[in-house]
Every structure is written in C-alpha cells, then in structure tokens.
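Here the structure is laid out as structure tokens; the discussion comes afterwards.
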Amino acid sequence: MEVDNGTTAWLLSAASMVLLMLPGLALFYGGMNRARGILNMMMMSFGSLALVGVLWVLYGYSVAFGASQNGIIGDPTQFAGFKGVLAETAVTAGLPDTVFAGFQAGFAVITVALISGAIADRAKFSAWMVFVGAWATLVYFPVAHWVFAFQGFDDAAGAYTAGGWIGFDLATIDLAGGTAVHINAGAAALALALVLGRRKGFGAEPMRPNNLPLVMLGAGILFFGWFGFNVASTLGVGFNSGYIWINTFVATCAAMLGWLVVERLRDGKSTSLGAASGAIAGLVAITPGCGAVTPVGAIFIGLISGVVCAFAVGLKYKLKYDDSLDVVGIHLVGGLLGTILIAFFASDAAVYYGQNGLFYGGGGDLFFKQIVGAIAVMAYSFVIAFIIGFIIDKTMGFRISEEDELEGIDFTEHAENAYELTGRAGGSFTSSRPTTTSEVSS
Amino acid sequence: MKLVTAVVKPHKLDDVKNALETQGVQGMTVSEASGYGRQKGHTEVYRGAEYTSDLVPKVRVEVLVDDADVSEVVDAIVRASQSGRIGDGKVWVSPVDDVIRVRTGEHGTDAI
Amino acid sequence: MEVDNGTTAWLLSAASMVLLMLPGLALFYGGMNRARGILNMMMMSFGSLALVGVLWVLYGYSVAFGASQNGIIGDPTQFAGFKGVLAETAVTAGLPDTVFAGFQAGFAVITVALISGAIADRAKFSAWMVFVGAWATLVYFPVAHWVFAFQGFDDAAGAYTAGGWIGFDLATIDLAGGTAVHINAGAAALALALVLGRRKGFGAEPMRPNNLPLVMLGAGILFFGWFGFNVASTLGVGFNSGYIWINTFVATCAAMLGWLVVERLRDGKSTSLGAASGAIAGLVAITPGCGAVTPVGAIFIGLISGVVCAFAVGLKYKLKYDDSLDVVGIHLVGGLLGTILIAFFASDAAVYYGQNGLFYGGGGDLFFKQIVGAIAVMAYSFVIAFIIGFIIDKTMGFRISEEDELEGIDFTEHAENAYELTGRAGGSFTSSRPTTTSEVSS
Amino acid sequence: MEVDNGTTAWLLSAASMVLLMLPGLALFYGGMNRARGILNMMMMSFGSLALVGVLWVLYGYSVAFGASQNGIIGDPTQFAGFKGVLAETAVTAGLPDTVFAGFQAGFAVITVALISGAIADRAKFSAWMVFVGAWATLVYFPVAHWVFAFQGFDDAAGAYTAGGWIGFDLATIDLAGGTAVHINAGAAALALALVLGRRKGFGAEPMRPNNLPLVMLGAGILFFGWFGFNVASTLGVGFNSGYIWINTFVATCAAMLGWLVVERLRDGKSTSLGAASGAIAGLVAITPGCGAVTPVGAIFIGLISGVVCAFAVGLKYKLKYDDSLDVVGIHLVGGLLGTILIAFFASDAAVYYGQNGLFYGGGGDLFFKQIVGAIAVMAYSFVIAFIIGFIIDKTMGFRISEEDELEGIDFTEHAENAYELTGRAGGSFTSSRPTTTSEVSS
Amino acid sequence: MKLVTAVVKPHKLDDVKNALETQGVQGMTVSEASGYGRQKGHTEVYRGAEYTSDLVPKVRVEVLVDDADVSEVVDAIVRASQSGRIGDGKVWVSPVDDVIRVRTGEHGTDAI
Amino acid sequence: MKLVTAVVKPHKLDDVKNALETQGVQGMTVSEASGYGRQKGHTEVYRGAEYTSDLVPKVRVEVLVDDADVSEVVDAIVRASQSGRIGDGKVWVSPVDDVIRVRTGEHGTDAI
C-alpha cells in the first residue's frame, strides 16, 4: 500500500509530541513532590522511558501488535527486534508500520511512568526499575493489545477483521486509552501505594509541592502532547482530527473551570495546583471518548471530571493510602469517568464512532461494553501490579530505609540535591547540602 | 533572661517544637544553617569524581527564656533531638540584657 | 470539498503549537514577576485558557467566524455550541472547519492572557475572571471577526467574497494578528493598568524578576509556538509557508540583537531579560507582516522593533503607569510598529500579499490602511477594556487589599507559595512560608 | 516542481522542533552550571541564535548551500540575503527551498551554541559573540557544505549530481550531523577550553549543577526536537521516516540505560544528571547513522555511547582541561563513536542508505570513509577555533577578571541574578543579592 | 557594646532600615528566619485538607551598637515595626565583649 | 566560653574554614546573611532604570570557643578574610554561659 504523506507527516509530529509528555509528566510530578524527592520522582519517569523503550523494540511492540492470539495477546516473536516492521511494504491505511510503532512506543513509556506518582519519596530506584520491566511485560503490552490492536484491514470493507478482545471483539469505545492507559496505570498505582505503605508523616505534615511553576509547566507540556495522543489515535488526518482536537481542548478547559470552582466554594480559594490538576483530569476523562462525543458533550465530560476528581483526591486521607501525587484520584477516577460517561454522551454527530449514548437515544449495550472494558483492565492491572510489587518487596525490598527517607531520597538514592541556588556568592555552600570540599580526584 | 540557641538536625525540628510547647515555651525563632563538629562530613562520588563534603545542613532554634527556666528548656531540647549519633547538634546559653515585645513595647521578662 | 491531508497535518501541528504558547506565556510572565506573585500571574493565563476555551465553543467562534454582519460581527448563533462546524462537508480550501476553529481557539485564549502582564500582584482572581469573560466577548471575538474573517471562498476566483471590515473590506495587511492580537491586548493592558493603579512600591523598589531561567524558557516556548501562529495563518502549506517561517525566525534574531546592543550601549551590559524581551518584541512586530516582506525586510523590522521597544519599556517610569511586565512596551508598541512598518517594507517578492510598500515603490494607500486598522483596534479595545475594568472595580472591586498585596498575592488569593525548595532536610519548614503542622484532616 | 504538501507539513513542524532545541540546550547547560553563571550560560545560546540567525539570511545559507565550488564551499553570493531562494519555483523533491533553508537554520544556530558549554562562568559575553560570528563564518557554514550539500537533483536518476566533499564526493554516511554538528562543536569546545583555561577552583570545588530539574527538562526538550533534527533530515516523509524515528528513540533509551548502569556499578548510585547526559549521548551517537542501521543496531550504538561517554566525561579531571559541561565528553566522543560505529552496524535493511557495515558482511571502505570524514571535521574545527579564540584573547581578551569570576559572571556580565525566590514576604531582599533600594529613576 | 537583635515582619525591613539610618546607625546584618510567639499560626485549607501552620516568615536584623545608643536603637526599631497586632516581633539586647572590623583589624567601639 | 560570630564575604568561607581548622577549632555553624557597613551598596542600572542596592550578600560563621582561644580564633578569622577593602566584614565576641553537646549531654568546655 502506498504511504500517505499528509497522514505520515501528522503522525510523525504526533509521535514526537507524545514523547514530550514524558518530561512533561516528570515535571508535573516532580514539581508536585517535596523538594527532597523531586529528582527521584523525575528519574522514575526517565527510567521507565529508558527501559520500556528498549523492551518495546525487543518484544513489547510484538506482544501488543503482533498477530492476535484470540484477542488476548499478540504473537511475541513476530516483530521481535522489529523484524518484519522494517519492510517498505509494511504500510497500513497509508501509514508505515514503523511510524505506528513509534507513535505507540510513547503510550507504553508514559503509561508505566504514570504509576510512579503514587510512591513518592520511598521506593528504591532499582526496585522501581524491576517493577517497570515486569509490569510493562505482564500488564501494559497485553492490555495494549486488548484495547488498541485492530488487524487485518480489509480495504474493500474499510474495516478491520481481527484485534484485541476489548477494542475489537467487545467494541468498547476507547480511542486513546481511557482503559489501557489511565485506568491501567491508576489501578497499578493503587496497588503499589498499598504494597509500599505510607510515607513517614503522611497525614500529619503538609507535604506541599516544592515547585508549583514547574507543575504548571508540566501540565502545559502534557496538554500540548495530549493533542498528539488523542488526535493521532485515529491514525489518519481529516475531519475527525478536527473535532477530536476541539474535544480534547474544550474538555480540558471545562475541567479546569470545574476544579477551580470546587476549590473556590469549598476552600475559599482557587489554587494553581488545582488548575493544573483540573487540566489533567479533563484530559484523562476525554481520552477514551474524544472521538465519540460532540464539543458540547466534551464540555460536560470535562466539567464532571473536574468536579469529581477535585473531591476524589481527598479520598486518600480518609482511606489512608498514600497515593502521593494523586494518580488514583485523577487517572483511575478520571479514566473510569471518561470511559463510562461515553455511554451517556456519545453522539452520532461524532462520526468517527457514530454511536449514540443514553442521553442521545442510544441503548444500554454501550454502557455494558464500557463497564466491562473498564473493570477488566482495572482488575487485571491491580492484581498483577500487587503481585509484582509484593514479590519485589519480599525479595529485594521495595522501600528505602526510614533513615534514608528522612534524609531525603534524592540524596540517598541518587547522590544529588535538586537545587543549589545560592548564586552570586563565591562560596558554594548552601544550607541544603554540604559542598565545601577538601579535594577532588577522578 | 537567657537566649538558648540549639543547632540540630533538620528532621528533629518538629520534635523540638513539640517538646518546647509541652514545656510551656511561648515562642521561638527558627532559621536554616549548616555546620560541622565531630561529624566531619563524608566522601561523595559524583560523575566519577570524589568529593569530601564538610558542611551538613542543620536548623537553628532560638528561644528566649526566664533565667529560672533555662535548664528545663535545655533538657527538653536535648531530649527531643538526641539520637546518640554524631551530628546530633549543639545547644548553648547566652545572657540577654533585655527583651522587648514590639507589639506592646513591654520590656523584660513580661516580653518573653 | 476534499480535505488536503498535508495542509490539515500542518494545521493540526500548528494549532497544538499555538496552545503551547499559553504555558510559555505563563512562564515568561511568571518568571518575570516578583516571587510573591508568580502563581497568580500564571493563573491569570491558565484561567483565561479555561474560560475563553469554553466560551469559544459556546459562542465565541460563532461571533468571530459566523456569517459576517456587515463586517462588524459574525452571526453569534450560527455555530453556537459548534453546531454546523461538525459537518463532514465543512471544509474550506482543503482544511476542515473544525481544524480552523481549533487553530483560532489558541489565538483567542492567548490574546486575553497577554493582558494579565500589566496587572501583576494586585488583581483579585475572581475579578480577573469576570474581566476575561467580558473582554473576550465584547472585544476579542468581534475584533477577530474584523481582522481574521474571510468568507465565501470562490473556488473559481480563488478569493474570498466577504469578511471583516479591517481584513477584508479595508484590506489592512495583518496576517497573524498585529492588530487583533497584540495591539488589542496591549491597549487593554494599558486600560487595566490605569484602572487598577500602581503596585505599592512601584518606582521605588526594584521588583526584579524572580526566576530568569523560566523567563528565557518561556520566551523559547513562545518562539516555537509562534511558528505555528504565523506560518499556519495562511491556512495552507507551500512556498509561502517557507518564507513566512524564515521571516518569523530572522526578525526574532534581529530584534534580540537590537535590544542587546541598546542595553550594552545604554546600561553597559546586555541582560537575559533583554534577550527574552527582544525576542518577543521581534515576534510581535513581524506577526502582521510575516507574509508581506522579504527576509531582509524582516531583519529591518526586527532590528527596529528591538531597539524601539528596548526604550519603550522605560516609558512607564516616566509616565507613572504600572504596566508591570511591559505588555504596553512590547505588545502595543511592537504591534503598532509591525503593523505600520508594513507600509514601508512590504515587497511583492513576498507573493502571499504581493504588494509593495513605500521603500519598494508602493503608494501611500497601504500606509493609510495600516494606520486605520491599527488605530481602530487600539481605540476600541482601550475604551471597552477601561469601561469593563471600571465597572468591575466599582462593583466587586478589582484590586486586593493593601495588606494582601504586602503579604503576597500567591498566598492570599491562591493559598500557595510557589517554591518550597528546602531539600534534603527532614523538617519541612521553609523561611518563606509556614509549614509545620499540628494535624491534617480531610 | 510541485510542492508536496505532506513533506512540507512535516518539514515545517520539524524545523520548528529543531529551533525549540535552542532553549532546550540553554536549559540543559544552564541548569548544569553553577548558579552564579546560569544566565550567562543561557545567554551564550540565545546570543548565538540571534547572531547566527541573521548571518544565515545574509550569507550563511549561501556559503553552505550555494552552488558547490569543488565541494569546498557554496557560492557565497548566490543566495545572499535569500535572493533566489524566494522564488516560487525553488522547490526540490517536493520541498520549497525556503523550508529547507529554515530547517537548516536551526542546525547552524544549535551547533554554535553547543560549544558554549565548555567555557562556563568565565568568558566575556562580547568576546563570545565575536567568536560566534567568526566560527560560524569560517567553520560551520563551510563544514555544513562539506557534509550536507547535495545539489542538482536528477529526477530521472533520482540522485544528486554534485555536493560537498564529505557527504557527496567521499560519501561518508552522516545523515543529521555526527560530523558537521557534534564533532564540529566538540572539537571547537576543546579548543576554547584550552584557550580560556580553567575556572578558579576547577578540580578542587564540586561545582555541582544548580538546578537539576531544569537539566532534565532541557534534555527532554532536546529529545523532542531531535526527532525533527534526525527524521526530517531525509527531507521527505515515508517509510524511512518511521525507522529513523524509532532508531533515534531507542538509541536514546539504550544510552540512558548504559550510563545509569555504569554509574550504579562504579559509583553505587544512578543520578539524574546521568540520565540526562546518557540521553544526550545516545542522541548524539545515533545522529549520523539513524538512517543506516536497524533498531537493534541502534540499541547497540546507544548502549556503547552511553557506557563510553559515562567514562569520557571524567577525562577532563585527568587531563586537566576545564570542559565545564562536558561538550567534549559527550558531543565530540559521542559524535566520533556514532560516526565510526556506522562502519560496523550499518545494515542494508535500513534502506535509506542500504549499505552493510563490517558486522553485516560489508567491507572496510565504509570504515575508511567514516574515519576520514570524522577526522577532517575534527581537525579543521579544532585548529580554526583555536586560532579564532587565541586572536580574540590577545586582542579584546576572552576571559573576565578573576574578581568578576568570584563575584559571579551573571552579575558582572549581565547585571542579573537568576533567582530572587524569597516569596511571600514584603521585603524584597534575598541573601543572594542586594535589592533594597533607595530610589529608582528611569 | 551590645548586639540588638530584632525579629520582625519581612515587609517592615525597609522601614526598620530607614529608621536605623536616621538614628545614625552605620551597619546591620539581615537574615531570613521564621518563628512564632503569641501569633500562633493559622489554619489553612489546601486540596481539601486542613493544616495548622505555626511558623511564620520573619526577618532577623542584627545591629552592633555602643552601650549608650542601645535604648535609642531599640526604640527606633520598635517604632518602625510596630503595627499593634500579634506577630509584630521581638527585640532583644545581648552583651558583646568585643567587635573587630576585618578590613582594618580595629577593635572595640571604633570597630562598630 | 565565648561565641565568636563573623560576617564575611561569601567567597572567603573556604579560607576561613581552613584557617579555623589549622587553629584546631573543632566545629562551626554557617548561615547566609546580607548586610552593609561602610560598604554602602552601589548603583545598578537595569532595564533602563537605576537602583541603589544596599544589602550585600555575606556568610555568617559562628564558633564556640574556650575563653583562652578567643583572640587566636578571632585573629585567624580576620587574617583569612581580610582583603583591606570595605565590605570585608565584622567579627564580634559574646559571652556564653553554657554549651551542651546533644549527643552526650556533656556541659561546659568539654562540650565545645
């Protein structure tokens, strides 16, 4: 099949935009963390980029997008080491498979990184890296197959003939990963928060964000990349791209409004952390349905997710699990909302899916499909993540020592402190770490 | 009146604060510092090069107290911040001629 | 009409790039602010994103791009809630209207956010949000119609047959918003600076930027996004795109040089704030004429704007209005320069407009058109912004209390402090805000 | 020739992405610097953007891509001031020359900026700017011709008929600038480090990075932009774009892993500076060969460069040259590695070049071509940079006074301090610079 | 000789500085601190959770003065920083045995 | 026992530290400060406007010493930080009633 240059151009941009979300996420999480652990938090994202990236080429892409074995998993050897992908003829609907494989690489890398927000300031970096490899292999790659694999494009029918059991067989609507990305990461985050336990001082000390401007920048970068994430998930360019872009945009705006209004009414003041969190909540919630609802539907989904998540992030204090940076409150809750609200707000005016939800005269079967898809991914991810985490904890140990936690994980795990800002002065000491030096030798 | 100055490990600040409150101390001033004593810093390796770091981060707590309360306050601080390891910190007591509360202009013991 | 995939691909990228300018602007302004108000400054941008984004879908796009009512305003009901835009047949010159609507959304959001730089550290957030809604509705949406609305594309003639009174009827050259964006925002900024009055200590304390690396990063992000802003404003892809890209690039470079040389000669030293400001001044000035001049013309426009704006930012001390972050000095002055210099530097070698300015043998009518367009927008925006601001001030009050201003607006309006950088230490206190805590309950 | 909209769309995006690398680099270097010199470090990047950008339009593009004079240099007058480029007919292989000229502008700007990392905290800004102009003119523009100039596209043969002596005549494989960008900048950096001498305290004080989150963000932005850099260097869109994207991606991941593992084994802990440096090392090393190797080959090139560069950055302490931010250790070493490893890992499965290296049954001639290309650029750049630096030092002086160096170059050269973070408080003093003020007058 | 130490609200720093200059004081040392006294901190709500913050940011001003000038200097500081509300701050006076000017090596009153 | 406080130029910190170590001093506390004395700050021009800056960054070094060692320690500090130019800094000595080492609870001279 021939390459469509316009489609390929957009997918190349979009794939790169998706990758920019990785440092965006690292900033968003890192800035929200306490200062003593910002680097470790960022390193958990960068570490997952490094490892999942290599695994993706070695076998991950093949597990996710190899020939479907009954909708459960792709053939893990078919594209191992990208053999077969590297053929000029490997082009689907105008898009070279290599470009598709690159676009999807970003999804894998980011989904794994999302989990790290739940275990701030207390996880051994080595244990995290082991978790990354295991969870990507056992959970992400197969789940991506369940949701994103559509195979055997029949040019005559203009439709796929095989694929993953959720996306293809069950036909749950999830364009860009409400289930495979957000519910998936959110459920794993909850599991790890339980395995690792709470930070010392959780619920007693404020543990305020160390650098809110970086949080807002991180959110802004995620916002930007998300347009690649959502819009390019149709793997094409055209009319659909436009309204998916608009839906992504306006749901984010509405969610910010929703969150800020909740804060204003409940706490008296709207915060910048609320604006950033609201934006992410909206982006998460519109991810599965961005191609299934109208812009007005997107406004509702955004508003609802902004309001609900603004309350959901408080749950951890009540239920006493330390989901440090609100991965559960935003990604799991937002992902569930977004996946299920499709059953209400889907409209056939959004022609990419062309289905109507309950509010537009549609039937209950879509509701069923959405619920099953969401719960399946949530349960699977939670259970496997818990098991992996438990095994790591019992063998190599997942958590750093209490002493190291008090000292600060950046220094004890990475030998670094984030900031040495004392500027103009000649002496390089700072009050936050020792730097006067007697000698250096290499 | 005396000024009790304590230089202790940063993560002991909350404990010291609570101990002082239990003692009935009504105020304190806190600032950041770094220093060394018996605890001489340690060798770090970074980017393949080796460093010896000397100055370790601390917090400084200052409390104005009545002459009568000095030993109790010192004891409270020492107890709250003691772990028995080097780097635990130092406390010292120095004389103060007068204390003034800015809000009221009161002088002396009443102003503490 | 059929969708052109290449054009759509570029516009999707460009629309996303334009949105990235919003966090870029927030950083640029936030970093330039004093530390006590960086979050509030960033929140004014994010707040305008949230509100204007929703209004855009509800009616803004329709007011700006609905069927022109005598060039004054678009039909506000035609596309309300994006009805009508969401039709697969809504494609103009190869570009789906949904994509165009997304691309233009970014312009709306950013123009409103630009204004906030003039009222640093002293505006109630709620009052700002009211202003955002009112000014977008009464000023931005109609003015965007005046300048950007071209309608009824006649495929045979290859030209539009209706549109806004400035862009279409008068045919002022303003490709990407010298008038509609920069003069518009700059004039409103001046009005608000007057309504709100000066910060306590203005002209007496230095009020230095709190985080210059963020200012430079913000400028860099704006620079990046601006290529989407300017280049994609032709709504096509091709030869024109290339030289508009080059003009945008080289005018920025030249303006930086101009500003840095002024600082060197006048103050003895070139500053990083000067480099960042110079870049923005150049970008502003080339915005209207990027498709009308040659690269050499762009160098001149850049140089002139860099030099003139480097002086213009000092005006506020002389005239004693507190345009805190130089919105007037850069956007109003740069926008006026850029709009008017077209009358001199336009060259028919730049085929998108194909007109000659005075320096290339053109006539004075272009000068007239540019002046009228510029002044009309400036006057309208200033007057309406002043009235809106005045009403807000007299009713709900626009300014925070003096005590809150001294305490710091981030804390008093948003319950936050930007930085908690004390790192490694166990105790979470910092000297810049209280954090020791007795208890937490949710 | 007709414009291909898809190709042009991607190149417009890519050209903008490449420019975003400039602020990315400024952050990466700035954050890695000591606090007293972060702004100067960023200004060296922004200054090179400003000056090289203008020179590019005036004559740089013409020197690099004007009609080849025996492969040594382009005709410097042919496109002076972009005359001739601004013709609608100037389209090569579907891409307007204006777009190509913009894309290549970013390469010029960034290559020069890369050098600055070697001379942290001690170079007069004015002297640096003189160096920028001279080195760009005498080294970068001609070397870009040697490597990147391919001319006289013969549509029938589908091949070029003339070009630079390295890229075209010798046919060294260097898609995106292993030689022209990284070896070139790295060699010049070494020369300047020798000309300027060491910072006071080099080898005795730790000189730790002042802001590691900005370093990681900078690396993330560079990563993003690099996809434009490498992938768009084929000047087309299609199958090749996809695997070049993948190669760039996975080499980066592998290099991060390599560097982090070295740190873990050697120093006991993996650092965030290591993750960021490893990513850049991988990106540098894959730059020349991204179109010549398979993804598995890219993993090896990445791993090797991550491991080798992790050791190479320690050389400066042994050899006692102050390459402050490791331009030599990463760009020169990584560039050499990447250029030479092609001779081993090239595979004809990568159809863009379709050549086999030694590990895939290829012959030794490719090794020879790679070595000659690498050494020629290294030697030329080092010698000319040393001469330029030496002359500047003997005439205007390249280095600031010792007193200014102790005081901090940001303040003495740019009248600024990077951070004024004391937040909420009313008084604007900070301990790192004086700000209480008696009066302001403009 | 005495050392007058004042812990006051940060935005009063300029006023204190001006008052001291008017008083003829020739130098001062300023640093950041935080603390509490009668002003006990306040309750904050953030992200739906409630906190009680105790330590309020302050600046510390230290002035070395001749014995004779102590009360004038104290009065000047108190006047400049007084608003009558809690949190106004604290001033204290402590004895100093000797003062040395580094530049000249002078000792005692001359060195102030 | 005495407390020797020195406010010196930041880039002299390493020299002061080394001088004290040579003198056999076993510990010190360091913090950031700013101040002015004879050195009155200077005029800066920024973005076309002129400022007079008064407070210059300094570091404060505090050392607890035996009465007998005071003059040696003071001399060592002065020598290490003296450049003969204004802004060199100030050193002062104040009485201390008691010193306690937190780790062991020792009092007095032994605790230094």
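Letters A, B, C, D, E and F mark the chains in the order given here, with residues in each chain numbered from 1 onward.
One rule holds for everything that comes next: contacts are C-beta pairs under 8 Å (C-beta built on N, C-alpha and C of every residue); 3 or more make two chains touch, one makes a residue touch a chain.
From a predicted model like this one, the values you see are computed outputs, not experimental measurements.
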Turning angle required so that chain A lies on chain D, C-alpha fit (0 to 180°, nearest 5): 120
Interface residue overlap between copies chain B and chain E, same or different (over half shared): different
Chain pair equivalent in interface to C-F, over half of contacts matched, among A-B, B-D or C-E: B-D
Whole-Å gap separating chain D and chain F, where each centre is the average of the chain's CA atoms: 45
Inter-centroid spacing, chain F versus chain B (mean Cα positions, whole Å): 18
Distance from chain E to chain A - Cα centre to Cα centre, in angstrom: 50
Chain F residues counted as touching two or more neighbouring chains: 11, 14, 17, 30-34, 45-46, 48-49, 51, 53-55, 57, 94-95
Two or more partner chains touched - positions in chain C: 4-7, 9-10, 13, 17, 205-206, 208, 211, 217, 267-268, 271, 273, 314, 317, 406-407, 415-419, 421-422, 424-426, 429, 431-433, 435-437, 439-442
Residues of chain D defined as touching chain A within the complex: 4-7, 9-10, 13-14, 17, 34-36, 203-213, 216-217, 219-221, 223-224, 227-228, 231, 237-239, 241-243, 245-246, 249-250, 252-254, 256-257, 260, 264, 267-273, 275-276, 278-279, 294-296, 299, 314, 317-318, 349-351, 406-408, 410-411, 417-419, 421, 431-433
Chain F partner contacts - residues on chain E that touch it in the complex: 1, 3, 17, 26-32, 64, 94-103, 105, 111
Sites on chain E touched by chain A in the complex: 45-49, 51, 53
Residues of chain C defined as touching chain F within the complex: 206, 208, 266-268, 271, 273-274, 310-311, 313-314, 317
Chain D residues touching chain C - in the complex, by the definition given at the top: 3-10, 12-13, 15-17, 19-20, 22-24, 26-27, 30-31, 38-39, 42-43, 46-47, 49-54, 56-58, 81-82, 85-86, 88, 90-91, 96-102, 105, 125-126, 211, 214, 217, 413-426, 428, 435-437, 439-442
